[in-house]
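Since the structure comes first, as structure tokens, the remarks are kept for the end.
Each chain gets a letter, A, B, C and D, in the order it is written, and its residues are counted from 1.
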Amino acid sequence: MITITKESHTQLIADFQRVRAQSQNICAPLQKEDYVAQPVVFVSPPKWHLGHTTWFFETFLLQEFMEGYELFHPRYAYVFNSYYEGAGERVQRSDRGNLTRPTVDKVYAYREYVDRHVERLLSTVEITDEIAYIVQIGLHHEQQHQELLFYDIQYILGHNPLFPTYKEGAQIESHAGTPSLEWLEMEEGIYEVGHDGKGFHFDNEGGKHRVFLEPYRITDRLITNAEYLAFVEAGGYKDYQYWLEEGWRWVNENQVDSPMYWFKVNGQWQQFSMQGMHPLDLNAPVTHISYYEAQAFAKWKGLRLPTEFEWEAACLHYAPEIPELANFVDAEQFRPVARQGKDYQFYGDCWEWTQSAYLPYPRYEAPEGTLGEYNGKFMVNQMVLKGGSCATPRDHIRPTYRNFFQAEMRWHYTGLRLAETL
Amino acid sequence: MITITKESHTQLIADFQRVRAQSQNICAPLQKEDYVAQPVVFVSPPKWHLGHTTWFFETFLLQEFMEGYELFHPRYAYVFNSYYEGAGERVQRSDRGNLTRPTVDKVYAYREYVDRHVERLLSTVEITDEIAYIVQIGLHHEQQHQELLFYDIQYILGHNPLFPTYKEGAQIESHAGTPSLEWLEMEEGIYEVGHDGKGFHFDNEGGKHRVFLEPYRITDRLITNAEYLAFVEAGGYKDYQYWLEEGWRWVNENQVDSPMYWFKVNGQWQQFSMQGMHPLDLNAPVTHISYYEAQAFAKWKGLRLPTEFEWEAACLHYAPEIPELANFVDAEQFRPVARQGKDYQFYGDCWEWTQSAYLPYPRYEAPEGTLGEYNGKFMVNQMVLKGGSCATPRDHIRPTYRNFFQAEMRWHYTGLRLAETL
Amino acid sequence: MITITKESHTQLIADFQRVRAQSQNICAPLQKEDYVAQPVVFVSPPKWHLGHTTWFFETFLLQEFMEGYELFHPRYAYVFNSYYEGAGERVQRSDRGNLTRPTVDKVYAYREYVDRHVERLLSTVEITDEIAYIVQIGLHHEQQHQELLFYDIQYILGHNPLFPTYKEGAQIESHAGTPSLEWLEMEEGIYEVGHDGKGFHFDNEGGKHRVFLEPYRITDRLITNAEYLAFVEAGGYKDYQYWLEEGWRWVNENQVDSPMYWFKVNGQWQQFSMQGMHPLDLNAPVTHISYYEAQAFAKWKGLRLPTEFEWEAACLHYAPEIPELANFVDAEQFRPVARQGKDYQFYGDCWEWTQSAYLPYPRYEAPEGTLGEYNGKFMVNQMVLKGGSCATPRDHIRPTYRNFFQAEMRWHYTGLRLAETL
Amino acid sequence: MITITKESHTQLIADFQRVRAQSQNICAPLQKEDYVAQPVVFVSPPKWHLGHTTWFFETFLLQEFMEGYELFHPRYAYVFNSYYEGAGERVQRSDRGNLTRPTVDKVYAYREYVDRHVERLLSTVEITDEIAYIVQIGLHHEQQHQELLFYDIQYILGHNPLFPTYKEGAQIESHAGTPSLEWLEMEEGIYEVGHDGKGFHFDNEGGKHRVFLEPYRITDRLITNAEYLAFVEAGGYKDYQYWLEEGWRWVNENQVDSPMYWFKVNGQWQQFSMQGMHPLDLNAPVTHISYYEAQAFAKWKGLRLPTEFEWEAACLHYAPEIPELANFVDAEQFRPVARQGKDYQFYGDCWEWTQSAYLPYPRYEAPEGTLGEYNGKFMVNQMVLKGGSCATPRDHIRPTYRNFFQAEMRWHYTGLRLAETL
């Protein structure tokens, strides 16, 4: 178990209330019907996320530490367990969208019931390290599902022939213009990567270790829609030589010809975002691309993606602090926006595909027990992404944070920057 | 076009209002979430049925005959067309459950809008044969979807781990007992089958023609759960020799060991019906069986299913009139119940699988135009079912009525009676 | 069991030798490699057919009736059983093409071994009715596999990019011309159909029974390639209104635009047959079409396919005897050819799709035991074909003969004639 | 292009003849039928390998450099191209087993024809660097297919219910015993990995670069069947906690309970190898395991697999030279055998799964043109294996050699050794 500083009762309860409330804020603009659908197996219905994050606290906190706790409903564990083999049988992932019950109202009642008990627990028992850790991991877990809520809501709305808007939001317009792409140079040498173990972090960020990096350089911002559009219009999706073999198969089997949510309507490129359908924002970072697309774009440019280590070293060197104007969920843009000032965009906007496979670090150790299934069991056939997105809470991210997805995934806010060895 | 008697304005409007209201009555016990899901491709979300039946009137009646009619929404035709190639592009059938919009409220508003316009049309224009025909076919079409609503609602609730009840309904208890099974004998000879063309009927019931039947007999009631249970408990699902080759594959691939909605809980057989989970009603007719199961049961008995012609001839001979106590939807039992009195159960309770494939009768002609797609294009690889069910409106059925489904289907109220050639 | 006339030892042995030799004659033009492949699950490798027909005699004749018979190889029953559940475990059908062993030489050795034993058995024991029946059914079974050998060999060669020729054969040229299409009229009335039980027949032809036929007419020959080409060139494959819904899906999912083995090369229609690739023979009957295509062509013509009963009644009325020049396998054309003289083409050339589903006749009874699996268990979701083909042995066919295949199948020699009710 | 030392005409021709002959030696024990089958999509028929390696020389050497060269057959490029998009259309990979033609004899004639022309070319033209490179890469390419031939032949024979033997070979018996497992320690530091560019190597081995390794240790030999059997018998395949999530799904979907080719017959573990079915050789290295299984075994042991860099550094440190008794194909054992003496087994026996994903090295560059598709386009979702196997030619391997396969593959000779960070 990771040792953490014990927080005061008050702070822990405040954090708990703030994060729990945020999940419900995210869902506030939805109609009840929007909570139910699962248009594709990797999307979960919003009400499932609300229930699952609640089940997490019920299972790992209340059932373990609250004497005499009574389950809200005996079958909810079956309904809301995701993939924890150690926590018993569960609804098949592909069937989540078939569950019209419990209703949305019931799920909110479930949240209220569990929240009340957690608050009572945290107000009355001694907060051990273990309890604090479980609350904290539960909250970070919930923040991850808050990100997923954005991806999934956008998918549900963006695959509806009526293309409903999530939230009208700010005026959609291109920002003044994007500065030209510059290189950030990095010297060869031994760098330390990974989390040092102080403060909250996920198991997959540890242990801190050394890597040697050949000299390299990395672009000072994300690739924009305008730059990516040039690839599209140069026939990039029709020329096998830019693509990995798997990627080429993926392009052809799925008839992919542009990022997800791009639509050519009467000769004009439109994009669907949480603000509805609107013209492609040329200066904003390209997003909703798969690893295959990121890699193909880089190859077309004669360059490559950075490794996760190169990214982390450059981030720590050039942007050790998160800038004020980083586009996280707190900014309520709900989509990547054009670079602002000289920001290097290492944080927020969109998760950056790296050329690193998601594998354990030296001395990596999964926690004991069911929570050990959290990260470690996915360490094959996924790629690492860094930096957070417009759907990430600002207090959730770190330079050492390792996100990971399969190469073909692109319903989340993904993007890229380029690199090369010198 | 089928010629029908012109009805008075008043009667037609009254029928229209009555049938349209019934669809909404059926959905009244639902939660909003229940309207959205499509747990399997052959089930449609309840709100889709409500919208589709409305689209039918908008497309074939209002757009054709009401001058200056404005569509409720320009994209609803795309959302609510089912399979009419002649009526343009449409949402893939498998994607109906992904449509969280239009919301339930919007669908009801759509119904209200279309109903108001239909009523105005019927009140103001001259009711030609063509208009009357389209209204009538629209209403019979809606009645068919009312049946489907029951099947689909039961599927949605019955595949939810919480097993919600649709309606508490009458006390579930076995009726006093089932009289022993008797034979109804029929002489060899030429019989007339099919619809004579007077009054409303579907195209597939015409034209009336002659068939020769070898002498045969047919059971005087449906097979009960008790009788079917004997087959289950004799190992019927484990012995290939009772099964068609396709059926045996189906049993094994799907690990079928009993009718749909039968559950063995702590050694007791339970069944899920619209009244929720309750003990198997032994005297009620067996239902939710595929053609494969009906055929296997008959073979186990050393008998066979009747053909559609044998069924129709026997029905017309022994039960030319629909008995008062037939278990149609009007009786609000919402499931097959034990035989009452000496009723032969030719009507209601459950659709009876016949040993006839669904094929055109001599001189069959599909109507011109898009409505010609209604029945004719399904005439291959389906089996005929006769007699209506507990979900059928009493005024919807006729002895000549031909229902049809694929052999593996069993989410609807199906059952069987036995026959043999003498 | 069907009672048959006891044949003399000599005649039975002569039949046995003749039929068994014919299987090997069919394979004589093959290369060893051609015996192995299974390019699609419904095709079996030629050596599998040679082994399976041998296993049939070994299992049902030698093991039952020859005292002290020793199996040629203990695992061959596993390799060569097709679908007889009663005869034990077997290689999955889709895996037949993976079996490089036993080699072709071994399979021929197996045949030689079993033949020698059968001949010894038939020379030494008393030929009971049961033995004679099993020999006869074994020989008819082998003749059916001889047909399949042609279909499968043509499939293997015709799906090879080198398009090898089976046998150069006769000059391929269009015959002098096809007489115009005439109608054969039939009066309404009661007709007898099915086999009367005298002489060899398959179980599915029995029992003889009466049907009433409305007055109808039927074309006096098969539809030609020229006539079918007109449908192709009129856009028949692009217009949904001619197609059954299943057929339309089949056309689109498989991108079908013409019969199997038609190829448009440099603007000219070619066909691949056992004589290799050659220009489409316009006067020959169209072949290699599915039921869907036969039905769509008929609908395009404003007509329909005959039922199996209409076909049988007309055949018995107009062509009770098999004409001398019927194009059976004995004629060694190995493909349908243009109508010769006034032949009605009820026999040979190609199997005619009927509008009848394959279902049991009244009083149908499957034989006891494993041979009861021969026909009866396939009686669902298949269509009846009548008349035999250019791959059928002349002494194998009867007007009552019922062939059956799934509607989408077309690798065999299929064709059609038209009918209408008067 | 990689610069290589120009070889003398004589040496190049000798190498060419030697390697080409070896492909045919490997196939010598086969029956003709064995050359045809493709029991699973990743296996290719032996005759396809023989043709494809020949097509490689015809396409990249003869067509480019021999004036007036005439193709052996105009369609063979279509038949024998594997995956080179730059070299045109080709038979779908899954259809290779359907190709009964060209026959085995024709394929050998094709080889003879191309060999004769290559020899003539090499005897008559000036051997430029480019020609020498293409010959060399063609020969290394052919050696890779020689390995595949072993995997594929074993698959074909080992999935046949008759379990034929490839070659009787040496007596199968357990060697005297396996020394206990020891650790080889390695200090932390910067290590050079990758090929220095001198002499032949594949593009994916370059460029040489530096990595930092934390201190670690690695076992001094491969894991044996006895050790792996302990995992099997401890229920390792039934406990999710040892498995990656993907691996656990793979185990369950495929009902895996032991390595490929292990069979429990009457309570005794047997293994199928090229010598046929025989008792499990307990002291031989475990082989035919997937990455998932290797990883699960390591986790069960509380250890992990080495990275490709750790493996390479340890190999170069402890075994810079290939030992005489390494079990390569030259030893004609055709399966991994028990460790001999103090050999560390870095070379031969079986390819060792590493914990490294197959990704490009810094400064990696794919060659220009069609040969650039050789390695680079597979750099996603595969794992690196090191060290060669009992099917690898001794002169084909190097410590820098990077083999790569998907995590679920195990029909090749795979195995593992363990590591841990200190």
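The working rule: a contact is a pair of C-beta atoms (placed from the backbone, for glycine too) under 8 Å apart; a residue touches a chain by one contact, two chains touch by 3 or more.
Bear in mind that the values here come from a model prediction, so they are computed numbers and not experimental data.
Farthest from subunit C in terms of Cα centroid separation is A. Between subunit A and subunit C the centroid-to-centroid distance comes to 60 Å (mean Cα coordinates, whole Å). With each centre defined as the average position of its C-alpha atoms, the distance from subunit B to subunit C rounds to 38 Å.
Inter-chain spacing, taken between the CA centroids of subunit A and subunit B, is 46 Å.
Shown here, the protein chains touch around one cycle, each chain meeting exactly two partners. By the touch rule above, subunit B contacts subunit A in their complex via residues 31-39, 47, 75, 78-79, 91, 95, 97-104, 156-157, 159-162, 164.
For subunit A in complex with subunit D, the residues that touch the partner chain are 83, 85-86, 188, 190, 209-212, 214, 216, 240-241, 243-248, 291-292, 295, 304, 355-357, 359-360, 362-363, 372-373, 377-381, 383, 407, 421.
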